[in-house]
Structures are given as C-alpha cells and as structure tokens.
Amino acid sequence: MEPILKGRNLVKRYGKVTALDSCDFDLMPGEILAVIGDNGAGKSTLIKTISGAVIPDAGSIYIEGKEVKFTSPIQARAHGIETVYQTLAMSPALSIADNMFMGREIKKEGFMGTIFRQLDRKKMETLAREKLTELGLMTIQNINQAVETLSGGQRQGVAVARAAAFGSKVIILDEPTAALGVKESRKVLELIQDVKARGIPIILISHNMPHVFEVADRIHIHRLGKRLCVIDPKDYTMSDAVAFMTGAKEPPSEAIAA
Amino acid sequence: MADAQDYEKLETSNAQTIAQFAEDERGFVGRLQHRLHLTPSLVPLIVLVLAIIVFGILLGSKFFSPFALTLILQQVAIVGIVGAAQSLVILTAGIDLSVGAIMVLSSVVMGQFTFRYGLPVEVAVACGLLCGSLCGFINGWLVAVMKLPPFIVTLGMWQIILATNFLYSANETIRSQDIATEAPLLQFFGTTLTIGADEAGRGGANFTYGVIFLVALVLALTYVLRETAWGRHVYAVGDDPEAAELSGVRVKRTLISVYMLSGLICAFAGWALIGRIGSVSPTSGQLANIESITAVVIGGISLFGGRGSVLGMLFGALIVGVFTLGLRLLGADAQWTYLLIGLLIIAAVAVDQWIRRVSN
Amino acid sequence: ASHSVSTCLITKTDTNPFFVKMREGAAAKAEELGVELKTFAGKIDGDHETQVAAIETCIADGAKGILITASDSSSIVSSVQQARDAGLLVIALDTPLTPIDAADATFATDNFLAGELIGKWAAASLGADAASAKIGLLNLGVSQPTVGVLRNQGFLQGFGIELGNPNKWGDETDPRIVGNDVTAGTEEGGRKAMENLLAKDSEINMVYTINEPSAAGAYEALKSIGRENDVLIVSVDGGCPGVQNVADGVIGATSQQYPLLMASKGIEAIAAWAKDGTKPTFSEGKNFFDTGVALVTDKPAEGIESISVKEGMDKCWG
Amino acid sequence: MEPILKGRNLVKRYGKVTALDSCDFDLMPGEILAVIGDNGAGKSTLIKTISGAVIPDAGSIYIEGKEVKFTSPIQARAHGIETVYQTLAMSPALSIADNMFMGREIKKEGFMGTIFRQLDRKKMETLAREKLTELGLMTIQNINQAVETLSGGQRQGVAVARAAAFGSKVIILDEPTAALGVKESRKVLELIQDVKARGIPIILISHNMPHVFEVADRIHIHRLGKRLCVIDPKDYTMSDAVAFMTGAKEPPSEAIAA
Amino acid sequence: MADAQDYEKLETSNAQTIAQFAEDERGFVGRLQHRLHLTPSLVPLIVLVLAIIVFGILLGSKFFSPFALTLILQQVAIVGIVGAAQSLVILTAGIDLSVGAIMVLSSVVMGQFTFRYGLPVEVAVACGLLCGSLCGFINGWLVAVMKLPPFIVTLGMWQIILATNFLYSANETIRSQDIATEAPLLQFFGTTLTIGADEAGRGGANFTYGVIFLVALVLALTYVLRETAWGRHVYAVGDDPEAAELSGVRVKRTLISVYMLSGLICAFAGWALIGRIGSVSPTSGQLANIESITAVVIGGISLFGGRGSVLGMLFGALIVGVFTLGLRLLGADAQWTYLLIGLLIIAAVAVDQWIRRVSN
C-alpha cells in the first residue's frame, strides 16, 4: 500500500546538533502511528519538517506518492495536514475563538461579509464552544477569554480541539496530553479514535506508553535523530518498546526493515 | 496492559455535569473595573475627560468653549492621523520612525508635481499617496522579508526619506497664496466648518475636514482591526509572530500590508498638513515621530505589540493636546509647559497602570 | 579643473532655506574662483557637536579656510582656535562668535538691528494704537538660541517695550505682551503657537515672528478664524516667499538679510588668503563686516528707512 | 504532628474567576504529598501562593506553625522552599549553568571573587553537569547551551535538577514529568524518593495516576478551587481518586475531615 | 496497581550508556559561522574592519592615517559613552530616551556649581555625577516599582530634565576660556595624548582621556556583564522578567541599579562632553538619544532585551563614525551623507542578519 505521507533521508541540523539524521518516515492511510523516543531524540523536529514549520536541510517528503516541498505551515494546512505543536502556537492576547479560527475566519453572509469583510463572530463562537464541549473542556467559562488566562491544560485542550476540527488528511499531535488531566486525556484519546473512524490518519507523539499502546496501530521508535524501527504494538510489550527506545535492547531486524 | 487505564475509563461514563465556578458577584466598582479591563481604551478616555474637567474648572469658558475644544482637535489632527499609522505598526510589535518623513515627502510630492511639472492637482495628489505607500512598502519588505528589526529599518528610512525630501524639494516652500489660487484641492483638508460662531464669525466650534478625516479614519481602523480577519491577523502577528505563522497567518503579507497602509495614512497626513499650514514646506513634521509614539503609548497600546486600540491612541493624542493648550492658557511659559507635559505623560500612564492593577 | 584650494562651509542646518541659499551663494562663488567647497551642517538647530566634528573633518581634509555659522557662538571657540592653530582661516558668517575676535573675521547682519527695525516700523504703523496693542511673540525654541533672542529683544526695544534681561526672552513685564510661544521656525509651529496665543487672548492685533515661515503659519491660524485682516504681522529674514508675502499683505514688514552676500564675501576672503595671505577687513566703525539689513515694506513709516517690496524682490534669496 | 507547611482559607481571584476558594492545605514533615485535580482546578495557583509567586487575596500560610507572608519567590526560597513551576521559569537566552545558579551564583575564591566579584564558572558548570547526570539527562551536549535550544523535555529536566539541588525544607513540583520521556520520568520519580530519603517533604502535582499512587504518602484532591479531601493511596484505588476528583463520587466523610 | 509501571522499571537498571549525537565535522567556514554565532559582537567588528578598508582604499592616507583614525575615536567618544549607558538599559528590554538630557544636565550642574556657587571643582563634579545617578534612579524607580513602560518614563523624564536644564542654566553657556583658567578639571577628559606627531605637533595619533575612558568603560562593563552575578541578572531580567523573578533574581533591585548606573555613566559622558567641546553648553546633546540607540542596534543588541554585548555597541558607534567621516572626506554633501548613512545602517544590519541566518 502507498503511504499517505512519506519522508526519506530527512536531515536537519541546528548549529552543532544534528536533530534529524537521514530519517525515514511512513504514515499509512487510516492508521494511528505513534512516534516515541527519548527527550531530544528529534521527534518534534521530524513532525515540524512534515508540517512545514521547519525546512529540512536535505531529504524529501511525499504526499500520496507525490513529492511536496513545504516552505510554510500554511501550505501543509492547504494539503489538509493539521498540527498541534508542543509549544501550542497560540496568540496569548487573543480569545479562544480567535485562536481556533486563526487563518480561516468565517465571514458574515451578505454584503457585510463580502464588502465590509465583517467576521461572523457569533458563528465562530458557537462552533468553538461546540468543539470544546466535545472535548469536555467545560471549565472554560468564556469563549472570549484571552488564551493567556487559561491554565496550561486548558490551553492544550484548545489546541487539540482546533486540529481535530480542521484536519482533513492528516492530524499530527505532538504530546497532546502532556498537561492534561485524567478526564481530559481520556477525551483526547477518544477523539483520536473518532478521527480515525472518520478515516483520517493520525501521528501521535507521546511519552505515555499505556496511551500509545492503547491507540496506536504501529509505533515508530525514534532514537538519536533516526527511525530505529517500527513495531506493531500487538507483537511487543511496553517493556520491549522502552528497551528499544533507550538502547537497552537491539531491535529485531524485521522491524527495522519495516 | 489495559488494566492500568481502567481508572480512566470509569470516568467517561459519568454524565456531563459541567463543572462551573460560581460567578463572583460584585458591586458597581467591580463591574466598572471589569469593563475597564475589557476595553483598555476606556482608561485614556477617563484621563482625558478628567483633564478636560480640571482645566475647565481652572480656566472657565476660556478653555471650556466650543472654540477652544475644537481648536485642540485641529491641533492634534496631524499627530492623530500619523498616530493611527504608528498604531498599526506598533500593534505588530514594530515601530515606525519614518512616519514624519513619509508625511513630509508625500506633501512635497503633491506640491512639486503640481507646481514644478504642472500636473493636474488630482494626479499630483494621487502620486503623493502612491509615494507614501511605496515608502511604506519598502519598510514592510525590509521588515517582513529581510527580517530586519523595524526600529533600525525605519531609522534608516527616516534618514533616507528626509534627505530625499530636502534634495528633491531644494528646501523650497510653496506659498499658501499660490496654492489657494492655483491648486485649492491641496488645501482641501484645511476647509473649516464653523458651527455657532457670533456675527463677526468669531468663536464657535470649528471643524476642519482634517479633523473629520481623523475621526473617520480612527473609526474605520477600529472596525477593521476588530471585525475583519486581517485585523485579527495584525494582533496575532504582534502577539507572537511564530505562533501566528504556525497557526496559519501569512505573517509576511500581513506585515507588508500594515507598513503599506501606514505609509498611505502618512501620505494622507501630508495632504492634511498642507491644509493645516496652508503651504508646502519641506521642513515640517520633524517631531511627528516622537509625538505620534507618545500618543500611541499614552493611549495604552503596548510597544511589545498585540495589545491596545486605535481609539486609545486618539485619546492619547487628545490628552497631550489638552494639557498643552490648558497649560499655556494657565500662563505657564513654554519651558514650564514642556516640563509639565513631561510630568503629565508619566502621570497619565501611572494612572492607567494603577487602574489596570486594581482590576486584576 | 583640479582645485588646489579647498574650503569648508559649516551651517547650523542645511534644511533652513536661509542656509541653503548661503550654501548656494558660496558654491557659485567657489565655482567662479576655482575653489573647492565642502559643506557641512548640524542636524538640527543647536546641534553643536556635529559642527565641532565638521571642523575636525576640515582640518583632517587639509582645507585652507572655514566659513561657519555657529550653533553655539561661545562653545565653538575652542574648536575654531584648533583650526586656526592648524593654519586655517576661520570666518564667522551670520552669527558672530563670542568673543567676536575668536574668528579671523565676521561677515554678519546685526540681528538685533533687524528686530529693532520691524519693532519701530510696527509701532509707527499702529500709531496711537501702539499704546494699547496686544502683542504675541512667536520665537524659535525653548533653548533660546542667540539669533532668536537678539531679534526678539530688538523688536521689543524698537516697539518701545522695556526689556528685562536682554539675553533672554520671556521675562518682560509689559502688560501689552499677551505671551511668548515657540515655533521651531516652521509653518506648523507658527500656526500652533498662534492658536495657543489666540486661545489665551483672541484680541491679539500685533504679532512678531522669528522668521517668515512661522509668520505664514501664524497667518493661517488667523485666517481660519477670520482675523487675518486685523492683525499686523512682522518678521525677519527676507526670503523670496517672505517678501512675496509682504506684497500679498500676509506680513506687514520684514527685515531682509543677505546670506548670499555673506557667503560669497567669505569665499572671496578665503581665496585671497590662500593666494597671498591677506586677511579680510572690517566695516567702518564695527568689529565685523556688516552685510547689511533692510526693512522691506510697501507702507513705509516716517523716519524709518525702508525699501519697497519690488526692491526687496530683486535682492531676495530662496 | 505539626504540619511543616500549612495554608488556611486561601483565596485568589483573577477577574471573574475564583481560582482559589477558601482552600486549606497541609504538608507533614518528610512526606510526599500529591495534589491532583482537573485542569483549571486551581492547583498551580495554590502552589504559587505557597511559593510566593502569587499573593493570595485572603488567608494565611504557616511554616512550622509560624505565620509567614511571602511577597516574592525569593523569600520563599530563603525559607528553603524550592519550586519547579509549570512554566519552568527559565531565561531562554542564558545557558543551562546560568539558569541553574540564577540568584545564587558561586563566586571565585580569593580576591577575584571578593573584590572583582568574578563568578566561578568552572565550578558552576561542573556542579550543573553533575546534577543533570544524576537525572540521566545526558543527551544535553553542552552545559553552556542556551536553554532556548533545548527540547521541551530537556528544559523540564533542567528545572527539576535545579530544584532538587537547592531545596532544603520543601520541594514543590508542578507537573515535573509532563514533557519527560519514560526514562527521564523514571529518574525524576527516583529523585523524588531520594529527596524524601533526605527527610525533605515534597509536594507533587501530577496528572499521572500511576506515578502519584506509586510515590505519594497522601493525596490532596483539589476540585473547583478547594481541597475536596485528602486520601491515603493505600486505602483507595486510582478509580476512586479519579471519581472523587471529577465529582463522579462523593468523597468519604473521614477523608474530608483529614 | 504497580504492574503497569514495570516497563518503566526495567529501564533504570540499564547501564549509563550515554547517548551522544555525533559531532558534525565542518570546514573553516562552518567553524567561522559557529564562532560568529557564539560571539555576536564579531559581526559589527567585521563590518567595521571592512568599512575601514574600503574607505582606506578610496581615500588613501587622508583617511588611513593615525590622525584621521583617532579622530573618529574622538568623534564617537561621547556617543560611545552614552551608548554604553543605553546598552545596559536596552539589555533589560528597556530604552532610555533621557540619556542625552541627563548628560547635559550633569555637565551644566558641574559647570554652574563651580561658577555660580563657587564650589570647589571636585565637589561640583561629584554633584554632577550625583545628579546623573539621581535622574537614573528616578527612571529606575518608575520602571521597576511603579511598573511603567520604560519608553514612556524616559520620554517624560527627557522633557522634564531638558526643561529643568534650560530653566536652571538660563540658557547660558560657560565659556571654554573661563573653564581653562578657573576650573581645568572640568576639561580633564579633553586632555590629549599625541603619539607620533610631526615637529609642528600636527598629525599623529591623538587619544583624548575621553577616548581612553570610553575604551576602559566598555571593557569594564563587558567584564561585569559576563563575569559577575549582577551581569547575569541583567541579562535574565531582559530575557524574561517573570521567569527571572521566579528563579530568584531581585528584579526591582536589578532594574533600579541598571538605570542608576546608566545615569551615572551619562553624567560621566557630560563631563567628557565638557572636555570635548571645551565649554558647558546647555543646548548640546540633543541627538545623543537617537545616536546612542543607533549605535546599540547596529552593534547587535536586541531591542527586546537579553541579547548582545556592550562591545558590539562600541563597534556600532565606530561604524557610524567611520561612515560619517569617510563620506564627508569623499566630498558627499550633508544630505547625501545622511542618505548614504541611512542606507548603510540598513545594510549593516542586513549583513549582520544574513551572517546569523547562515550560521543557524
């Protein structure tokens, strides 16, 4: 089967540090691919090259077999790739609704929209509230609250809700549950399953092994800037995965070939 | 391996009893504070109203007359228009030191194109507006595409544009009388609407078209910044350009458009300047930078970008105008006025900060 | 042609038309005499350090002489001394140094006299009304540059108002004075200052202005409230737009100065000095070379010498 | 037994939101107290009032029975209270070593230190490297690297190392493992046990129930800005804790009294 | 409940095989880039050296002589000293618009205390230095304790101090000759060391004490900022004041000390100014603000605080000095010089940015 998203020999250097070192990457249609690895292994850098936020020094990216060169996240979004970055990427002084619809605002209908280009705030607010409610983020009292007044977990919830609402081809989540509470994390996992049920593949970066093993179809293990191997969670235990990831055990050769 | 997550699963079956903190009930002061917090431009407005009241009490009808109050509007018209341009740039966390130079160059272009080359005055005005936009575009391109710091870009452009202005105009003034007879359109913004003057035509409220333009411009910008996607993008870029880029804003395009619009507004200010001083003078506008920045900051727009409103800037400009005229009428001499305005700039912002702190 | 003699002209600013014309006069003369000319200027009025740097640059450049309109007439003296020690001829233009003999020569107008002429003319024109005139004074800047002080005090003296400290404006107690304000010598400043004074007392009928651009600005302010015909404006400078404004009745009278003359005389003097070491001479009875000042008006007042606007137009600059 | 740290009736409002609503709080000597609660429940606000970063609107704080009023985090630090904030509180442009010793730099010995006040960089760097090695954060290549060039997890590791190195009376950790990898999280949990072994009590805020139940002596459950109850992890299951936290179950009355 | 964590436990028994990325080997260019990245002040230094070489080739010995080169040093001495003060403030993410005014007021205090009140000149100088520090303290207090934005505080103080200066000095200049005979200490920084002049005392390298003071000051500040706790705190405060406060920096105290030190340095600049121009002139220093900020920014210090070095500022000031003198010697007239300096400001920063980008 042709991967929906494919990376080959991706390289990215930051000064002395080689964050990506000829890294390969494959995402199959409709699957949930987990990416795991130590801190600083280069996971975030990998997904940033895919989402257009970082331009790789070398290597190529293919969508459905066709090579693409993203020079900005907007291009990736235009291809239906939606990303929740580890740093969340929100404008602190703007409201939750503003942030959710940033770059794809809804205009009013009629001449107020076409001529005066007025935004349809009410519609955007209603939609934003709906999405947040789906995630169970109901401690947020006011959809017009500035993002900077939210707790860390609330912010993360907003970012995930944004990606889930707009992703059409691939959704990338970089540690989406890191700051979330038990209930909220649960909601995000459910959401991931929902999205998958809609046929949209997901890349999930997480340090939470139980979560990873619960939802992932395949697990990409990242080590020292490279893809070490890809394993099927049904064939290996969490202990195995952690052992591969930290270098305590050699990965099986068939997994490397995968 | 699933058993560890059972404790989580349990939860989701729970009905959606929505957790909600009790709303804190408060009195009038509390609601006022909240309102101030939500509408930051209210703070300079309050300072402004207080200043007018205090000077009104101290000076009586000399100050608190339609004539004196509209005079202030006329005196701040140029600073206000330039301040609107400056506000846009500062909202993107930039600063534009070249506003004054763009304004003057544009007015010189309008004048010289009419008088030196004999172009129809409408064409000359259009060329002046184009010239302002072009200067703005260069600023924007250097900031957005070359990624140079706005301060240094506009510092350099300031010198370049000003030198161009002097070299091109050969420091020659075009006289008010010549303009009035040959190209009155240049003085368009100087046209005065007088309401309620006495028989001799004295006193009364005087509104120049420049003042009306200023108010219309501020209202239009307020609408655009609040109600359109472009406006939200301006705030987002000023707040955190990286986050804005990641969340789908075309940061470069937004920045360039902001600087271009700022240049265009400065060109309008140049046109209004001809209306105000009657003549085209290449030496005007030297203080427009610092005065516009003062207005912006007193008006509560953060120099770090992303926070504040153009309306606040207008109030900021008016505060300075009220103090200047008020103090002069109280008989303070020029140096003392200068000193007191310094004090009052600090005091106005201190009050602003104090109100904000209380409301937090 | 290769120029063996090089000279410097250092002005207060190079944006004020007065200094622009001075530069043009110097450049024309230099061309004529085959002298190389480099021009320097402060960035704003009162920018003294740039002038000091300019003198140093001229010395480094091996110039034969310097023409300077000093922003700070006494502070510049040590730099001027440095230039003279290095063998340069230094001539002060427009503004005498303090002491005046700090420069090898001075080609200047008497700014106090310029003020006095318009003061006397204004008093004479108002006639009996002079005793009850309401006067607004539009000066240069809060730092009170010397030229501005001299013109202002000259005007007051000529008008018949008792001076306080003659080195300072603003300390006079005469009730006829409505107030002082500053204009930065521009139309914009002139209009704003005039508006401020009008708000203070709308009955002002006599306005002194530091120069003609500020006079034009003041006129706009008066025009906007319909009082342009009942206020008498006087000014100093004699630039062409200013003289034209006298013709148009915007300004009642102005004292004309001759920057082109100052500059060309200065270049001649340096050329002569470079050729055979002759030093310039002074006007009779004065310790400087007076390039003269003339009152320009079409309504001459008795006992005050003046030239007509037509004559003024012939001699005007800028 | 007298609590080493005690809070009574703490109140903190942010505009309309009441983040702390007459909250009580007790930390016993030598214990590990976990604080759990939903996103936005007010946990971070609670520990900020204790560490001096936020001044409460009402209520009092006692250290070993004596009331204290902190107006800045420096005062809390002077009392031996060391905190890892959720936002990490580091200066991005400065190096790891600079950040670790911020506010308590080591001067050179001899007159270079006393007269010229020169810092002993070498010593600080050695110490910093030691602390990081203890935490197993060895993917950090250069102790003089600016903090902004670290991955999210690496940053968190540095913050935890700083607190562990300097805390003498109480150490407060606000979600210290949120962005950490499996290995690194493990190290932090070990570190927490080590610190406890040194007799220093710890406050641990975490959304990771297994971690909480593994290390905590008591669990403070926070809900809607208040302490709902305090439970002993040996008496209750994770499911119970989550149920109390989210309001699905009423807490037992004896736990409320505790 | 422990079994889920077994997968974690396994790990810790693993030996500490330290994960380490391979160091990337690079050639000369790579190492140079890395070096430039680590030492940002190298970039303005390179621009400076290139500028000297280019003008040296164009102008020959007229420019490339000890006399002309040391002349540049003298010409930038005041801007450099003020720039050092400005750098400190900008490193804390502030800006000081009052530096020029503080400088002039301090020099006026030194002069007037000696001549008007007949105080011993040492005492008068001490009073001048105190005056500068006091102005700085007020700035710092308003910024740190009242939490007002530095831009607005120093804008207000600029006006206040300047007006005070004019009012107090009554716009009177104290003449050089009087100072030389009665209080030569005031001209201390004007004393010149000449090395290698010809018999007539012309040419050769001239170092004034002001220049030597500038170099010593920059070196001392570089040391203090890099090697002391206070210096690290200045950077931390500029970087992120909240994080600095949370991690134990006394932010208020640091800020106040920075502004006070800045005021003190400005007072020294005032003293050096007397040495440079000979006299005490209340109208000097009007451009010190913009010139010092230009030097700071060309020198690579971020206006957002926390990044850059004082050494870079010195190179920035010298770049402007070299261009100014070089262009004037090439015979460009004043307006053309401004225009070219404007271009070169932008170009210098563009080169700087370009090098930084390549090295990333």
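As written, the chain order gives the labels A, B, C, D and E, with residue 1 at the start of each chain.
Quick note on the criterion: contacts are C-beta pairs under 8 Å (C-beta built on N, C-alpha and C of every residue); 3 or more make two chains touch, one makes a residue touch a chain.
Quick caveat: nothing in here was measured; it's all calculated off a predicted structure.
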- Query: How many steps does it take, at the fewest, to get from chain A to chain B if each step moves to a chain that touches the one before?
  - Reply: 1
- Message: Based on mean C-alpha positions, I'd like to know which chain lies farthest from chain A.
- Response: C
- What chain is the most remote from chain D, judged by the mean position of CA atoms in each chain? C
- Message: Taking the mean of the CA coordinates per chain, how far is chain A from chain E in Å?
- Response: 45
- Item | Centroid spacing, where centroids are CA-atom means, of chain A and chain C in whole angstrom | 72
- Please report how many Å separate the Cα centroid of chain D from that of chain E, as a whole number. 40
- Among the residues of chain E, which ones contact at least 2 other chains? 1, 4, 7-8, 11, 19, 21, 163, 166, 335, 338
- Please list all residues of chain A that touch 2 or more other chains. 14-17, 38, 87, 139, 141, 182-183, 185, 209-210, 237-238, 242, 246
- Of all residues in chain C, the ones touching two or more other chains: 14, 44, 142
- Message: Touching residues of chain E toward chain D in the complex: what are they?
- Response: 1-2, 4-5, 7-9, 11-12, 16, 18-21, 223, 227-230, 232-233, 235-236, 239-240, 242-250, 306-307
- Note on the structure: In the complex, the residues of chain E that touch chain B are 1, 3-4, 142, 146-149, 151-153, 155-160, 162-164, 166-167, 290, 293-294, 297-298, 302-304, 335-336, 338-339, 341-346, 349-350, 353, 357
- Sites on chain A touched by chain D in the complex: 14-17, 37-41, 44, 86-87, 137, 139-142, 149-154, 157, 175, 178-185, 207-209, 242, 245-246
- Provide the residue numbers of chain B that touch chain C in the complex, in ascending order. 62-63, 67-68, 71, 74-75, 78, 166, 170-173, 175-177, 190, 192, 200-203, 206, 208, 273, 276-279, 281-287, 324-325, 328-329, 331, 333-335, 338
- Query: chain B touches which residues of chain A in the complex?
  - Reply: 53, 72-74, 77, 83, 85, 87-94, 98-99, 102-105, 107, 116-119, 121, 136, 138-139, 141, 162, 182-183, 185-187, 190, 210, 213-214, 237-238
